[in-house]
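Structures follow.
First subunit A sits with subunit B, and in the next complex the same chain sits with subunit C.
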Partner chain A sequence: MNDGMVKNNIILKANKNENYFAVVRRQFMKNKLAVGAFCVLGFIILLCIFVPIFSPYSMQIYFAENRLIPPSPQHWLGTDVIGRDLFTRLFVGGRISLGIGLLVTFINTLVGFTLGSLSGFYGKWVDAIIMRLSEMISSLPFMFTAIVIVALFGNSIPTLIATFAALTWPGITRIIRGQILMLREAEYMKACEALGINHFKRITRHLLPNLLPFIIVYATLNIASVILMEAALSFLGMGVSPPTPTWGNLIEPARQMVNLMNRAWLFIPPGIMIFLTVMCFNIVGDGLRDAVDPKSRGR
Partner chain B sequence: MRGFIIRRILQIIPVFFGILLLLFILMELSPGQPLSDLQDPRITAAHRERMLARFNLDLPVRQRFFNWIADAVRGDFGESITHRRPVSELITTALPATLTLSISAMLVSMLIGIPLGILSAVYKGKGIDTVFTIFAFIGISMPIFFFGVLLILIFSVNLGLTPVMGYGSPPPFGRNETLMQIWADRAWHLILPVSALGLSGAASYMRYTRASMLEVIHSDYIRTARAKGLKESRIIFRHAMRNALIPIITIMGLQLPGLFSGSAITEAVFGLPGLGGLLLQAVGGRNYPIIIGMMTIIAIVTLASALIAEILYAVADPRIKYD
Partner chain C sequence: MANKLLEIKNLKVYFMQDGMELKAVDDISYYVNEGETLGIVGESGCGKSVSSMAILRLLDSPPAKYAGGEILFEGKDMLKISNDEMRKVRGNEISVIFQEPMTSLNPIKTVGAQIAEAMILHQGLSKKEAKTEVISLLKLVRIPNAERIVDEYPFTLSGGMCQRCMIALALACKPKLLIADEPTTALDVTIQAQVLQLMNELKSSINASIIFITHDLGVIAEMADRVLVMYAGKVVEVANVVDIFEQAKHPYTIGLIRSRPDLETDTGRLEVISGNVPDLNSKPSGCPFHPRCEKAGPRCGKEFPPEKVFSEGQIVACWLYSEGGVGNE
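Presenting the complex of A and B:
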């Protein structure tokens, strides 16, 4: 009897969620700017997937006689100092930059959800410890800490992902904690308690669906900031190291005077790609926020 | 209020020592050591031993941690491994460039971001608002280093209006010039870096101000002011703005770590001799004393400014009650 009631409850909730997401989708579709950004983003992702597959050039193989060709019909974006095709490298770099952004966001959202819900749900010393930890991380400037960690532990892609995730979890953790503190007092949580549903189920089955909109908005905006951070770190020579391209280290040639003065094709395209991608993620994230949170609409 | 300040300080102290402990643990866990023969093949084992002993790096990490704290309390942050100069001296030489850049950039951000945010909120949904919002998206999404590179490309390389990089003209300059001329020269060198960092920051100040202003504009007391028949300009500048700007104090405090990060990147683009450059130099050689000294100072500055922002917030807004 008890089981049946719980099941009914969940099915009811599932239907409600579907409706809710349909509302969110309709709201989002009204925002022309956000829909446009979403399409541009899709196009960029498709290019990153397919250009390296269909390109006649490899991102590694180079021909010394082809070095530093300005954009031309053979090489749409020209070639670099050792003769690699930059059009191909741009989108291989995009795979890495986007991949790091997605993976880091996945990890820190997972960590943030876990710690944030523990912190909000249990309060007391659990909350104190997690909040002090997050204060520790967020009072260090990201760039400085990342430089130190990467210099000490090497700059392989897994290390970079771990570093980014370790330094960016406090943001989402606080958001989740704040939301849970609010929802903890809600009547349906009292109902859960009365029904004797265990803590784990209360968090994952009953709180998570309510938090999902915030998590999605946060994750979208977070991908943008991780892409920016990775690019900045790679630009400083502390991120992904060549020959693996990323949008950040593709701009690095701009730090040399010769390139800056005469070879704009080397660093302008990756710069534009970072800017465009990050802006699209920001606009989509903003559009999603307006769609899921009626209070923020038009703000 | 006093109780709140004391409680906050009591919370900050473990956070600060936690950061310090974390740094020591990271260094202990990391592979490789300072003065390894990878960095300089001429270093012999005996020499290395002597050097490690000199910098107390042969002690166990627990002892190093407590030694460091004991020394730091007396103002001694140790000696740099590669420079043979006190860490405090190296940091104080690098600090002016970073502080000048960050503080000027913050002022630029606020001077541009706050008025634009207010205008945007007042003319919500109109043409101006759309234009400013688009600018804000551009500002938030533009990588600072790419923006800096573009500024150099346009204003230094193509138009020849500003110097390409550096924190002042090279040495012959400055021997016979007056202090005023030196400062003018420095300001001229800092125009582009400050614009790069300041304009990116302006975008986020604009968005916060706009959101905060919109919230206030819809409140009851503003409607009362309108009902009284006050002039619109008086309502906006005297009644709404005062309350809308209070949350900006918090934003200032919270943005400081980001400001330092941005400043490190900007320094690299424009070749300024700041903390970012010193850190990049130090990490290459596993220069632990510099790394720890610098991170400690930055942590103190950000923790302190967050606390000050919280206190100012309470002072500025009497409705806030911290029990």
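Presenting the complex of A and C:
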């Protein structure tokens, strides 16, 4: 009875009553880099929440006499051209940037999930329509289309969120459709049917839980790319418009030579924040992908 | 004479492809007695699996089409009952053991939860009751540390362990008929022997009938009481397991038995049946085996031979044994 031995004893020994997500969490915890990135992200998010609350400065109020002070004990990251405290603005901007990333990802995951499931389960003409639509959208050049939409409808935050969501749903829709097409042909779906489990339970209890890891991984990576898109658009002055700060429009001063040459404190901190956040989301996403995929474990 | 648990009469299952009807199962009839193991053998693509999946209506339709015939399980025609009734039969009265144990279990649910699900569904047990039942069932299929394995995920188990879990799953509701679709092909030979032995023991303890599908004649000799030989969607011979090995009548069965390696005699190269199984869309007329048959005559290509009943329930469909023979050249 040698086959009685549990394989991969060291790498994967499910503890008593441990559910799937506990196993995933344990796998994830083994990836030190991803855990580190996760902590950094947590720290950034906490700063974004609390700094604006406790800061003695407001992101709006400005004093002309305080303009362009380099980092100092009063203004940790200095002040901008009209005398606003940049430390406060950095984290208010973080709220907006992260908020847009999260909200857009939430919307397009929801849309993608609905359309992808319809497409995968229904097939035929429903599938054809949804897939052709998603191909049309993904063949549009992103920046150009976003700029046109913003130019037409104004650059308010809701417009931006709607624009990003409208342009990014095809990715997740295709992932979900592909997974459903694959999973519904899986042997165990047939085995479920052979056990007399009804259609609804087969989908909700056996198929969708298998989909969840892909959605979580996708969403994590997607937040990062939305933050980058927003930053790019705001940097060009087509995104969120001042005085509301975002990490994108905080680096905007770098477009002027005089700032780029002499006033590094204006754009380096938001640049670092964008870089750190996007990188951390990507590392966490990769870590999650390895943790949810049994095949990549143990490498 | 034992009671017939399952009787299939003139079953026809076709697949629709590009507007053509592919006759995967073409007018076959057989029966399974209570407590009996019926082995179904044949080469790949001869309709073994299709004919047994049809019993539970597990074929996706379309493209599959149940074109005719009856499948009587305890007198009920499985092709006519409603979907709700069908669901009550599946897993409860008839259950299936699939070929690939590793992929037939849902990777994100513990084996215990999956076995319990069937019990909760069909027998109305509570979760707690089901869990104790599952553990005793796992012990029954000789899984060591059943109390621990019940909370393991399928991907942490080896193939042999998974197949034991599949067997436990199939036995969960004490079915009357077990359809084992090549349950040991994905396992290595030692594990295969263990699983077969286990199935034989379980069969006598729960008194279920088994339909055992395989292309391995060695497995058939081990498991079956009676053997059904299929070729290209047709039943060509049915006989007791002893008769199949000692006095096979149909040239195809004879060919199959000859092409087995034999440990006792050193015959050098194995004998083979020349040619391949015909494609379903270009099936030969008459007896589908005639292009590969050494003894074929002109009559074989014209019409399918009638069944000739020999003693002890040996039935052969071949012109060699029917009146008029294969015809003259």
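Simple rule for what comes next: the second predicted complex is superposed on the first by the 256 of 299 C-alpha atoms of A that agree within 3 Å, B and C clash if a C-alpha of one lies under 4 Å from a C-alpha of the other, contacts with A are read in each partner's own complex, and residues count from 1 in each chain.
We adopt the following convention: a contact is a pair of C-beta atoms (placed from the backbone, for glycine too) under 8 Å apart; a residue touches a chain by one contact, two chains touch by 3 or more.
Since this is a predicted model, take the numbers as computed values, not measurements.
**Student:** After the superposition on A, what does A:A186 contact: first (subunit B), second (subunit C), both or neither?
**Tutor:** Once the two structures are laid over each other on A, A:A186 reaches subunit C alone.
**Student:** According to the stated criteria, A:P209 is in contact with first (subunit B), second (subunit C), both, or neither; which is it?
**Tutor:** Touch partner of A:P209: subunit C, not subunit B.
**Student:** Between subunit B (first) and subunit C (second), which, if any, makes contact with A:F235: first, second, both or neither?
**Tutor:** A:F235: touches subunit B, not subunit C.
**Student:** Which of the two partners, first being subunit B and second being subunit C, lies in contact with A:V258: first, second, both, or neither?
**Tutor:** neither
**Student:** Touching A:L140 in the superposition: subunit B (first), subunit C (second), both, neither?
**Tutor:** Only subunit B; A:L140 stays clear of subunit C.
**Student:** Report the partner of subunit A that touches more of its residues: subunit B or subunit C.
**Tutor:** B
**Student:** With both complexes superposed on chain A, which partner does A:A194 reach: first (subunit B), second (subunit C), both or neither?
**Tutor:** second
**Student:** Mind working out whether A:A151 is in touch with subunit B, subunit C, both or neither, as first, second, both or neither?
**Tutor:** first
**Student:** Which parts of subunit A are in contact with subunit B and also with subunit C?
**Tutor:** Dual-contact residues (subunit A): none.
**Student:** Where on subunit A does subunit C make contact in their complex?
**Tutor:** Result: residues 1, 3-8, 12-18, 20, 23, 186-188, 190-198, 205-206, 209-210, 294 of subunit A touch subunit C.
**Student:** Over in the complex, which subunit C residues touch subunit A? Could you list them?
**Tutor:** Result: residues 56, 58, 86-92, 95-96, 98, 100, 103-110, 117-118, 121-122, 142-145, 148-149, 151-153, 155-161, 166, 169, 191, 194 of subunit C touch subunit A.
**Student:** Name, in rising order, each residue of subunit A that touches subunit B in their complex.
**Tutor:** Counting only subunit A, the residues touching subunit B are 132-133, 135-136, 138-145, 147-149, 151-154, 224, 228, 231-232, 235-236, 238, 251, 254-255, 257, 260-261, 264, 267, 271, 274-275, 278-279, 282-283, 286, 298-299.
**Student:** If you look only at subunit B, which of its residues touch subunit A in the complex?
**Tutor:** 11, 14-15, 18-19, 22-23, 26-27, 30-32, 124-125, 137-138, 140-146, 149-150, 152-153, 157, 164, 210-211, 214-215, 257-262, 264-265, 268-269, 275-276, 279-280, 283-284, 286, 291, 294-295, 298-299, 302-303, 306
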